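Reviewing the structure listed below.
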């Protein structure tokens, strides 16, 4: 169930049977010559919806703009400062905690969010742990946050390797581009890229990134993307993430 | 053109012909017994997409969680603290300004955002105006931000009055609920409400709101909502906001 | 009673009979060729004192510098960033709440403060509403904040129309300039202005404001100001705001 | 000249002959059984006005609420958090720097402000010094801030000792209480205090303060206050501070 | 060369031949029954000093308190909120950038710092990348930050496996405990632990951590620690990190 | 006992007999031609360790980077913005308060820290005092913070006067330089300075400081420093500070 498509009495009812919620988070940033600026947000949202359908979990609205400073060298890329994103995650979690949500499963679609999101969890926990200084510690509800990247599902890794081998790369990958085309077939832009496989390596800030990766891709050939592959990868990601969510919810 | 569904070369090309962008902003909050929690985000997004289609304007990803402290008494409502939302708007505008965007038209779907969004514009302007203290003032690009609520289109007001008269009310209105049903017909929840028209009045914080408006509505009867009305209202809002955007872009 | 002119035992005594307080807030910004930089602060303070005298309400010290980014193009104008003003209002309210004050009536003299002040109220409420995350929600006192602009008193509107008609305008109005002259007759600067009535219209930031309104006025002719008119307008504003305060205090 | 009572063209003219401005800052806090809550703000404001009259310096609006956490045990006391006061001082200085002010003489009426105000100066300087990281350092205007407490004038010390000897104490002193009575004779509250001279000593936070100094005074007997003494002390403070301001402005 | 043990003319001279600096960062947190609270800070500092000696690099003062919210269930553990640590890292880097340092190699001793430190780098880069909004972008110096954990040196991994096999674990490891004993032999506390090898697994916040790992260790047997092993591991870490630093400095 | 060299069970045991802790804080900044950049941190740390040894008090890790904006004109100097340092002190105190520490004795080695540190104490107290707004005030533990500069010990003043007379000065003094040489004899840099005694006077920001004090010293002749003098001064400072700590702990 998507929170945005539920009424408040439906949310109230949901909370009598579960305290868990899926929090999709993506990014708005360049994805190479033929990948969509919204790729990471679309992938996180599509997988999250699928997990919600399969497990009955509530799905929060997608955080569409994440931490993407390093992509600012390319038009259309947007970023929140890490300190801003921390505040956003804190406010969203604290809002839902008012109603009784306690288990927050962040389904992430962008590697650049991992550090800030992990820091945000600690910021939330620290707000509660340091509360004894104001005498309020004893009553703190046991909020727990979890971060999983959809591509960590082992089904996804196997499929990506099978489909693309070393052309998968690490940014603007054919797997993620395919998944967005499965969601928005009208946005598919088949293209032969030159070089076929983009360069790889480390980078520091946005200027450094653009210098090293002039068309935005890292190590990938998204020219191999297809709607059909996207459907298969989406299905694998949903299966893997649904299992992750259910297993975590049981243990946490 | 939706930014999320564009590639970076397409954004680069767009910037050669326009410096304007539509920034839809909504909220995630209760909308009465049969309205969707995502109503304000959905309405802003649907109108923004329509304006983008009609005018050729770029449309940024929707800010789905806004300032809705006063709705926190109802399950599922989420809020950003005003100080957080100010930071989000600043970072989004500053990111897009890196690429050359200069005219930011915030298409708003939630009355509770108006104050904070207006404050955010001043925060952005102040960051630049106070820059002489660090010597950087002279080179500041002329960023301008504009806020318009979709329901301010005069076509919308006329249509709402014709369709619902005094049952329109001011929160969880049949107009906005209808518009979400037009976008998501499967989420439509026809219902007879009791009382038919909800109480009206002022409120302070979330506790005060819930006490005065026990089912979440203010002055409205969203039981009158329909997909068909939603389509007409959406069309009116798009026409009105497209004219607003084009007129502002020409003058600003 | 002005808080600044009371002793602490007098404040203690006051709190046994009322939990309300008037919070005057103005601005320090240009008011055209013959209006005072302190106009908005002076007006708010004078009206607040009068309301305090008439109703017996406590009156807090005036917030003299508000949100006036858009006036920074003119020498002497000062602004707080919106995020700073939010923190100021929060700290002032929380300080007074320590002693038992619960109803905060912000008597405002500057349109540019409205958005940020409204956001500040939500920031205060959110601090309390989101408290369940730290377990402290249950004990929150019911603080309520209210914003009223002195010119909203219907007696004031009627009188301004009678005295100045369309020469009233919207910034550096003869009504507000007159009121400051009534308070500080030695600062009165009778003057014939050219053009008599200033241009009107929208504006974005400080640079845009100065370009469109070169002497600082918007739509007004403060050349018509007089001490005598100021006395009448002040009296009307006090009467209107006293009624607003008492009515709100009873209901809130 | 008081900024609040000047027009913007007058400020523009002033800036052609001086870049200096007096910034009065006080506090809103208990001052014992017969001292006013506004004592520190009133004293700073009265001395600043006198210095302005004598030297022709511009005088900014008074910062009425300062850092007074330690007085929160007494009704009516208000504080800004130090971090808030730092932001206020930064914004005020940066606003005035837009217009060309460069020398900021903070005329302080409250010991509790000294630490935070000094920190605020460093925050402002650091904002500029650390600017090379964003490449803007070279153009920074040479802003300088200075803090002086009115009671540091040697004329004041001599007079206080002559008038009150060891009954002067360190909080709610007869000197400062007298000065407020000179400004507001109607607020004078002659009173015999018990004990005549309040206890002295160190304190930590507000609770500790109230425990050690049950009526709010520290080491003083404000029962000795008088309007006439206040006039003499005010005159001494003005003379001393005017000399300080002019000497600093010449050297800085 | 340690910055703390250099004079400013020596630093000035250093900058004529290198723009690089080693920034050691650790943590202050429990390390099981016989490990030191300062383990992570000591290890980072000792390795950094060794790297400085070997490569001639300048070594900044150690950040001793890091992000250790999850250890707050044990006496003596300290944490900075992630938002605080981000500000600390930003200020330290920006300070050193004033003098001409451009390459910041953070030598890290605590896994819990990785996310926040990575976010801090992005916060610094974003401050510069978003600068075009204030017109200052063009002059930004090319600051680069790098994070390496001392245990990532491949020499260290090989040695740890040889010495401790699966008793190494992941918190309060015999390798790190040994290294601190090598630095402070008087603090060595040989001990037989029960169980010999601590439990392993995931955790959320501090309360969860203490519940799952009652004596503070995760998966390790620090009972196997020794001064002699510490000397060998320290040597391996210095060799590995010196190579990392020099290689990065050449390429970056 | 140094916290860094203790295990958590040792800290737990310490807390059964004392709630006090020594918090050394220094600075990283130029100290003239032959003084160490780390002088202030080294002095605070050495004195703190000595006090810990003498009194049995726990000693926290040293805050090595303080508020030193005014030294940024000299290579190697580092500063935290005052707002950052306030956050660091708050987090450190609140962390230790979780475990039961209640008396925080900041042993300071740098005059430039005094204002910000004092402000930080008020920020911590204000966080608790303003808590009634969220209903949590009643349970606040009585945290108390104290600031003492090691050079305030009367034994130190007497010895400095005896050893150096008017050559002591106020920055890069022979007393502090000697103390660092006592701790790190290998870093001693005997030198004849020209002029022997540096100029004295006031300063504003970093640029002003460098202009007035071209080699970094103020009023001092650190050419007179020696290891042997350092040992005597260190001993005097330890004796004085140990007495201060014990006396305060008994009374507070």
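By letter and in written order, the chains are A, B, C, D, E and F; residue numbering begins at 1 in each of them.
Convention: a residue touches a chain if its C-beta (ideal position, glycine included) is under 8 Å from a C-beta of that chain, and two chains touch if they have at least 3 such contacts.
None of these values were measured; they are calculated from a predicted model.
Contact with both chain A and chain C is made by B, F. Least step count on the touch graph, chain B to chain F: 2. The greatest centre-to-centre distance from chain E, using averaged C-alpha positions, is reached by C.
When the interfaces D-F and B-D are ranked by C-beta pairs in contact, the top one is D-F. Mean C-alpha positions place chain C and chain D at a centre distance of 24 Å. Each chain gets a centre from the mean of its Cα atoms; for chain C and chain E, those two points are 53 Å apart. One simple way to say how far apart two chains are is to compare their mean CA positions; for chain B and chain C this gives 29 Å.
Distance between chain centres (mean CA atoms), chain D to chain E: 46 Å.
Touching of two or more other chains is recorded for residues 72, 79, 81, 83, 91, 95, 98, 127-130, 134, 136-137, 143 of chain F.
Looking at which chains touch one another, you get A-B, A-C, A-E, A-F, B-C, B-D, B-E, C-D, C-F, D-E, D-F, E-F. Residue ranges on chain B touching chain A, taken from their complex, read 2-9, 11-12, 15, 28, 30-38, 41-42, 60-62, 64-65, 72, 74-81, 83-84, 87-88, 90-92, 95-96, 98-100, 184, 187, 189, 216. Residue ranges of chain C in contact with chain A, taken from their complex: 129-130, 132-137.
Within the complex formed with chain F, the chain C residues making contact are 91, 93-95, 97-98, 124, 127-128, 131, 134, 136-141, 143. Residues of chain D touching chain F in their complex: 67, 69-70, 72, 79, 81-83, 86, 112, 114-123, 125-130, 142-146, 204-208, 252.
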